[in-house]
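Take a look at the structures listed below.
Below, chain A partners chain B and then partners chain C, in two separate complexes.
What follows is the complex of A and B.
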């Protein structure tokens, strides 16, 4: 009789890496303390049982319709599930507290930045952020000039991507300020964990995430135009062919708001109305999941059939609030990112709590020399070009290309900044094909909300897993998976 | 003081029925230091109540939302405008000394404040090497003098010819084929000024039809350029004039797209024909 394998055996065979930080095991291969309970629980499950649970998790995702469409090449229109790994990622309370404070600080500064660059432009006049960088941005929106949305809030929902580096510190990798998606995975992953590993979950004292839709609804209502007591709020979706349609419908349902498409709304006398069987009904706040370019064909792309003609006029008249405001994309650009710590100091007179990936500015003497000597270890970006253009990746360039690029930098030092390549931490992940646990790179998409006198951070977030070995890109459309993310109570 | 009666009519005829529509008209003269709108009358063939809105630059829009099927729509806007005749066009003597003027022009704060009118748009952008050197600013005379000479140079360089261009014709196309109408003259002048980082904006409005001016039959376009200390100064390259009491301003913006008299969105998008009629009568 073949002896039944338990996960304990699998963990013993786990291939450790010293190159990256492992979230579960320390340098000596010992289980980190905050993972002990989960480890003890999983270790006692037999492999066939675990596979059964794993299949069950997949099936439940499919049955709930938690799928996304893959747009690339042959698989066009195919609905896929975002694979969910049963081994949860755990963030210790102390670490989380710092992340949460850091995110709130960051969002305050970014909102002040947006208000500034669309109005007084002080930070540009003071040369803290180069004006060329902002003015060259495709997302710098003329239609937001000289106007402040209700409460000075531009970014109501932000999805900051964070990684844990080799040094054990969290770093912000990028800000996503244009209605980021993914929170429905957080909620459904949590639901799946509760259903599949109930004993473990309820003993582990995990902070809840289920309050997210309620918090989002509060934030949306908090920015209703002045004088509106019982605001009518809607979720605006591009429609069922959008890859995040599941999320739009899920959030609308959870928040008790109508899910609408552009053709369900119209503007008259600078107010927005929803077409209903009882006649037009005034709409006060729109949580829009349509890109800026498509929300109003009178102002942005005239060929858009997804938007509402006249919406921007109604918005600027203060008769409707848009969540998030248009024009926020200028602040989540790759080059603008490098100035976020400066924004925090400039607007808040505070030191940044969360680290940014270190940035060398070639205009500075020491930085310049370092960049020339370490080009093979760096990523170099132009400061006056947004949208990821002109980025030079040292490790992928030939020696000749590196030499050529040094000359380009020398010719215009002010134009270039450089950053080290970051190494994402790894997390023990069940790999079906090999029937064992292997280390895979993970990052963390966090979800923060800013309303009128409300600041909220979802406790946990979406841990994304690069399922291909060695792959550093963790993205749902690039063969990624996800983990439930636990923030423990003190 | 001079008084004008202005009327603007637009008639849209659609090949098929339109179910719903929103129209925005940017056709009513603005009120400023030199002009004032008194009487105003707006009628439309469908008898739908209009509403007002403001565009991003603060100019008045007349808007109509139509929520019932139609295939013909006509609007008539008429108004009376009083315009000051003591033209306040500055003279070179009012300019700052050249060095001071240039120092301001080059300063970061000035560029940040005026970036919207310094940055080229797709309609105004010109390849630097294609601009004839006779049009370039050598920094040897005051901005006002340069603008005046550029205004004349463009008037001399281009041939006024309706029908060969349309509102999406770019300044660089006009440079290659120097013919067109007021918006082409205007886009080209904006392109050259902005090439020198001089803030310049597109102005739309009406031109006195009692004179022998080019471009008075329809809505007209000209340029306003910014001179430190003097502010915005108007030039009409189509007529080799400065903008004066014959020019009745409606709005300004970065290029034609910010100032087009009629913007609309119809559902479904059916083919249509639009006719505009403009009358500007001096009392």
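What follows is the complex of A and C.
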């Protein structure tokens, strides 16, 4: 008789690594305490049952249409689901409290920074942040100068990426202050967990994430122009071919807001209206999921067909609020990132709660020389790219590639920063091809909200998994997956 | 408060869903009943009839020089190159549904999304081997499910009424087209010596293609003939597929969409109201005297109604 395989057997064969911090197992191979319950539950599931659950999870995402389009012009065969791993990532209460405080602190400072650099420019005059760095940034938006959006809030939604290093500390990897996406995966992953592992989930005392859309709606309404009693709020999407369209429509539905495209809106005498079957209807707040470059062809890219001509002028008149405000990209630039701890000290007179990854700025003489000499030990990133594009990992490059890349850096020093290779923690993850659990690198995309007198952090977030063995980049367009993230209640 | 773009998508979801259902039923009914056909009956004719019903005779000619059964069926059901194949219609429904997710319940989207993925499973080989039955049955069942989900979940407001407007207008149009296509089939076989037998076969096939054979037998208590078939499909007040029934529904839904606005002579409400009133006081004999002309005129008016809805509500 063939003995049925249980996950317990699989975990016994789990190949641990001492090179990285493992979220589930400690240095001695023992289950960490906060994982004990989940481990006990999973261990008793047979492999065929687990595979069935795994397939069920995939089918469920597919039926719900939680698919993203890989950039391509073909109409079919490009819809992928974002793979979802059933083994949840768990964050103990104590660790989360620190993350949450740190995120709120960071976002306060970033909002103050944005208001400052577009108005008084004190931090530049005091030489805390070099003004060349700000004014040379592609994302510094001159149309935002001498203007403060409602409540002084620029970044209403912030997606901060955090990693856990070998030393057991959390580090901020980057801020995403423009249109951070991914929260719909947080919500749908949680839904999937509840459906697939109900007994485990309901026993585990996990902090809810379902309040996110409600909190977001509150934040959006809180920044409606003065004097508007029942604000009409809409979600602006580039359209259904956008890779994040599922999220746009999902959030609109959850918040009870109309999902609009640029062509559904127009501006008349500095007021924004939407085109309804019974004529124009005034719009007060726009949660826009279109990049700055495309929102208003009269001000930004003239060839944009996604935007609304005249929107910026309506915004500056105070007749419509934009969530997030334009021009926030200047603060999530990877070179500006290195100054966030200084901003926190400068504006809040506090010590940063969350650490920054140590960063070398290629534009600085000493740093530049260090980078050239130690390229094999560093990760070099362009300061203004997102989605994991353009990243150079020194240790993975041949000698020739390193030499070539040095030339690229030399040609545009402002464009590059370098960081020591951070050892992202690993998490036990089910690898379908091998039918076993293997360690894979993970990070955490968090979601924080700032409204008028509202501060909120989603208790959880999107744990992204680099499914390719050894891969350090955890992005959905680069073959990544995700895990439900459980923040435990006290 | 509804966007014109949203209204447009909802309207076309209704139209396409209904079109898919009629196409699938027609293809299936024609394919099956061709095997019951009297010997004089030519198989070729069923295929031509399918193409006519789908308004695809010309595009098929460009696609294939010969009318071969598996070619015709593939062209109308699965062919990617044919923008009006059922599979492509399903993709259009899904695309429209995706664009109005914020206005519609998740259940409706998921039903449509599953439909799309289910259609993608069928292959040419399978269709040639097994015939179109499985495919058509699945399409008919799923459109019914989708309409049922919409029926059970939507608020009775303009979202609902726009989908219904699409469905009723399309159903009236398809029934008209089906009758026309059958009249044409009959004309083609008139010289045949077995004409009488063929005719009664045709009237039954017509009702089956419209999904009304059983209920017509029940209603009249006898087998179908020309008078009963035409009467049932055009004028019956209780049969949910008759043209008059659908015009009455269309009138009611437009009233909800227009918010009870007073009717002006250039509005779609006026056109629909006038057509409905006309048909309400039309005798069967008047129709039968010039059946094809009547149907062509009816079709033109239905096209105009579609254009007026578009201009009045769907574009800004």
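Annotations
In this section, the second predicted complex is superposed on the first by the 424 of 490 C-alpha atoms of A that agree within 3 Å, B and C clash if a C-alpha of one lies under 4 Å from a C-alpha of the other, contacts with A are read in each partner's own complex, and residues count from 1 in each chain.
The working rule: a contact is a pair of C-beta atoms (placed from the backbone, for glycine too) under 8 Å apart; a residue touches a chain by one contact, two chains touch by 3 or more.
Predicted model, so just to flag it, every value in this text is computed and none were measured.
Under the clash rule set out above, the superposition-derived model of chain A with chain B and chain C shows the two partners fitting side by side. Using the contact criterion defined above for the overlaid structures, shared-chain residue A:298 touches chain B, although it does not reach chain C. By the document's definition of touching, of the two partners only chain C reaches A:264; chain B does not.
Look at A:135: by the touch rule set out above, it reaches chain B but stays clear of chain C. In the overlay built on the shared chain, the residue A:334 is in contact with neither chain B nor chain C. In the superposition on chain A, A:313 contacts chain B only, with no contact to chain C.
Superposing the two structures on chain A brings chain B to within 9 Å of chain C, judged by their nearest Cα atoms.
Counting contacts by the rule stated earlier, residues 263 of chain A appear in both its interface with chain B and its interface with chain C. Touching chain B in their complex are the following residues of chain A: 121, 124-125, 127, 131, 135, 142-143, 145-146, 263, 266-270, 297-298, 302, 309-310, 313, 316-317. Remark: chain C residues 1-7, 91, 95, 98-99, 101-103, 106, 109-110, 113-114, 117, 120, 158, 257, 259, 313-314, 316 touch chain A in the complex.
Note for the complex: chain B touches chain A at residues 20, 22, 24, 51, 53-56, 61, 63, 65, 67, 108-109, 111-113, 115-116, 119, 254, 263, 265, 267. By the touch criterion given at the top, residues 62-65, 75-76, 232, 235, 239-240, 245, 249-250, 252-253, 257-261, 263-264, 274-278, 281 of chain A touch chain C in their complex.
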